[in-house]
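Next, two complexes with subunit A in common: one pairs it with subunit B, the other with subunit C.
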Partner chain A sequence: MTVTPLLQISKLSKSFGGVQAVSQVSFDLNEGELLGVIGPNGSGKTTLVNLISRFVKPSSGKVIYKGRPIHSLPAYKIVRLGIARTFQMVRPFYQLPAYKNMIIPLFSPRVKGLVGGKYGDRDAVALDLLEEVGFERDAHVAYKIAGALPQGYLKRLELAKAIALEPDLIILDELFSGLSLAEVASIVPIIEKLRLQGKTIIMIEHRLKELFKIADRIIVMNYGEKIADGPSSEVMEQDEVKNAYLGTE
Partner chain B sequence: MLAGTAIYAIINSVILALMAIGFNLTFGISGVANFAYGAFYVLSAYATWMMINLLGFSYPVSVLLSILITALLGAAMYRFVLMRVRGQALSEVIATFGIGLAVLELFRYFGFVGFEYNLPVFADYSFFIGGAFVDMQRLLIVAIGVVLVLGLWVFTHHTSLGLAFRGIAQDERTALTFGINPDKIAMLAVAMGAGLAAVAATVIIPLGTISPEEGYDVLIKALAVCIIGGLGSTGGVILASFVIGFAERFTDSYIGSHWTMIVSLAAILIVLAVKPSGFFGKQKELEERI
Partner chain C sequence: MKKRKERIDRGIKVRSEDVFAVCSWREMLYLSSPRWLPVFIFLTLPLLLGPYWQKVMLSVAVFGLLAISWDILAQTGMISLGQALFFGMGAYCAGVMNHYFGISPFITLPLAAVAGGAISTLLLLPVLRLRGIYFSMVTLILPLMLVRVIEATKIFGGTEGLSGMTPLPSIWIEIYLIFGVLTAALFGFRRMLTSDFGLVLKGINDNDRSVTNAGINIYWFKIQALFIAGSVGAFAGAFMTHVYMFVGMPVFALDYSILPIAAAVVGGPGSLAGATLGACILVPLSEVLRGIGGLRIVFYGAFLVVFIVAIPEGLFHYAQRKYHQFERWVEVEK
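Right, the complex of A and B next:
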């Protein structure tokens, strides 16, 4: 029996003027899989995320999610189907306390559709979710204005907002960037927990060592093209990856 | 005299806040500066007048219908015009100002000018408060202003649509990641702004008459209040309304009515010289230029 992939990317391309940001990229992603996407700066990783989440309109190609083409849908409808994303540069509502940042996703059409508007005390749910991603309840960090939080907490907040949407597919754009080793080590168990819950995850990362520990599969991008696809141990041995990504002969 | 002046200053301030709050709500959420705002204000008053005097509708029905119609026209303006130019500030201003101008001048062209064009007051009696007679209509303006501000606060803080409004206002891109449709929210924001202009017209116009000039006057006052308060800030609108409202009335009582405009403009200039983005403005680049 064949299993239909959760996400199918087929010959996806995007050009900005004369620059080919993503070129003919194809891959499948199965339910529950954790896919790592790596590549040098400017290789098209974030554009790929923007194409899947439809923040950018594809020039050509298809994005099929749960058997349904979604590349023509607007971004807000894609979220409602269960695809959540984070940003490389965190984008909280800076003037609101951290836990109030969670209220808007908890009131979102996606969550309302799932729970039928009966979510109970959203403040309590927000605080629970923030505690799950490492906001220590005793330290009252969740009550601080987002603009006053250090980068580590903002990244956790970004993750918590995505989780709040109860997505089936979570796309994390450089979640580990700007974090210390200890901070990354404390976030990895949260991602592993999401996997245990059956979530499918795409992680764009530069922190290869940490990514390789948790990813099932790695895609390597270079100049907008997919140049390798497979387990981390295999892709990093390919000459093209060594040349393009690591710059070694 | 002081108490009486203070009472009329409060009333004047609430009138300014009512005139500006719809413009501010639309800008704060969608970033659209609706320069047709004054036209919506006047249009709703003419609509109410026509329903009462030409169609024979009762006053409450006419008011409710004109608020609804004005809000729908606001939504239609966003859907068919603004959606195409959204994000291009100058195009938005030109498009909305053009629509406003056309509406106001059409009323003038068709002869809707004169003392017969007025709206009835809610209740026609006065109270003696603080050494001055204050009519019921003005007291109702204060009450409605307070209820409207409180209602808007509850709406934006405790309803899912209100939260979506705040999300879009703070960061449209982030709001998009929560499945919020920014065009739908912006359309509702323009519609609500137009509806609030209609509410303001319903309570304020009975103090005078309906005329196309009112449209220009309301737009200029709304702009002045919003710029001093800080575009998009409800607290700023309220504070700015009180600064201008008190400056106008106290100048009128203690210096002379011909100084009212000069003192008001001086108050505006002083605020903008000290705080270029207004009391609660968030345009940091303006602050950093001086």
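Right, the complex of A and C next:
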């Protein structure tokens, strides 16, 4: 019996004017898999995420999720189908306290649908979710205005907002960037826990060492094209990947 | 000896949170007086004023509603420079219904509020995707365009306007109706904005992509906010049509766009109470300055500038802070 992949990307392309940001990228993603996407700056990783989550409209190609084409749906409908993402540049609601930031994803039709319209005390659920990603319950951090939080907490908040949506596929766009080693070390278990819950994850990362420890498979991108696809130990051995990262002689 | 200013929460504020408020009269008063006081003033003030100032009070309430309407939109991230659109739309809806079909003011008022809100929303629908100054510019232009449309096509009385509208039965009904609506709008929408629905609206202002990323259709929420704000503004317009017994091109005038913004800024943007407070100050001030004659606008403008520089957070936020906290000078230890 063949298993249908959770997400199928075929020949996905996007050009901005004359710049080909993503070109003919195809890959499949199975349920429960953790896929790492790496590549030098400007190689089209974030555009790829924007194309999947439909924050950017593809020029051509298909995105099929659970057997259903989603590349022509608006962004909010894609979230409702169970694809949540975080942003490379964190996007909190700066004027609201951290836990109130969580109310908006909890208010989303997806969550309402999952719990049958009733959610009880959303504040309590918000605080629970924040505790899960490392906002200590006894401290006041969760009650602070998001604008006053340090980068590490904002990244966690971003992750918590994605988790709150109970997604099947989570796309993490450079979650580790700007974090200290200790902070990364404290977030990795959260991601591993998500995997244990059966979530499928796409991680875009520059922190290769940490990524290779947890990823099942790596895709390498360069100039908008996919140049390698396979287990982490294999892809880094390929000449094309070495050239992309280190340059040619 | 160096000194610094220390800001301390009043003990009573802490004690008045939650269920503890019912422990004593003092605490209950502390919590409820900011709510009851404006209602009490609105109820008693008309009894003490002469006919001229009663009319001024009608203006206060109308501009209060327009400022509330502006603030709801501003909190959703839509800065409107054209409150006159809502005002004029409501005014013409009520005028047409009353003039051509003879419908009673008590029916035209709610109908015009809904219809005016709906038509304004439809007009702004194509530009909902615009953000910031681009959206503002469209709102500024729309009422000015509508004036020319009326002038050129001569519909609804053209430049002459429509007159002979049925007035409301008495000044008392006018006053208590408009202030009833103002207080209902103030407290009702204030509650709405603190609910989860309001949180989404504020979220759109803060970061609309993040709201989309929660699976929420921001355009649907913007439409709802526009309709609510539009209806509030349209009610104000419809009301004035019946007060003046006339509707014409001046209802789309720039005054109805600018004064509500000034009121919201002076009172404290981001709070409906601030918007109302601003209207309560600016409209009577404008009347008082009438005696000065030509220099009226200069004084008015100077007052606005001084006010904004002195209390940039807005009068309401300032007063709220003073109510909940006190300040004292303490010596800095060496």
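Keep this in mind: the second predicted complex is superposed on the first by the 246 of 249 C-alpha atoms of A that agree within 3 Å, B and C clash if a C-alpha of one lies under 4 Å from a C-alpha of the other, contacts with A are read in each partner's own complex, and residues count from 1 in each chain.
Here, a residue touches a chain if its C-beta (ideal position, glycine included) is under 8 Å from a C-beta of that chain, and two chains touch if they have at least 3 such contacts.
Remember, predicted model here, so these are calculated numbers, not experimental data.
Participant: Superposed on subunit A, are subunit B and subunit C clashing or fitting side by side?
Facilitator: On the superposed model, which is not a single observed complex, subunit B and subunit C clash.
Participant: With both complexes superposed on chain A, which partner does A:75 reach: first (subunit B), second (subunit C), both or neither?
Facilitator: both
Participant: I'd like to know which partner A:224 touches here: subunit B for first, subunit C for second, both or neither.
Facilitator: Once the two structures are laid over each other on A, A:224 reaches no partner at all.
Participant: Looking at the overlay, what does A:91 touch: subunit B (first), subunit C (second), both, or neither?
Facilitator: A:91: touches subunit B and subunit C.
Participant: If I apply the document's touch criterion, which positions on subunit A are contacted by subunit B in one structure and by subunit C in the other?
Facilitator: Residues 53, 55, 74-77, 79-80, 84-85, 87, 91-96, 103-105, 107-110, 161, 165, which sit in both footprints.
Participant: Where on subunit C is subunit A touching in the complex?
Facilitator: 196-197, 199-200, 202-203, 206-207, 209-218
Participant: Which residues of subunit A touch subunit C in their complex?
Facilitator: Residues 53, 55, 74-77, 79-80, 84-85, 87, 91-96, 100, 103-105, 107-110, 122, 161, 165.
Participant: Can you list the residues on subunit B that touch subunit A in the complex?
Facilitator: Touch residues, subunit B against subunit A: 160, 163-164, 166-167, 170-171, 173-182.
Participant: Show me the residue ranges of subunit A that touch subunit B in the complex, using the header's touch definition.
Facilitator: That would be residues 53, 55, 74-77, 79-80, 84-85, 87, 91-96, 103-105, 107-110, 112, 161-162, 165 of subunit A.
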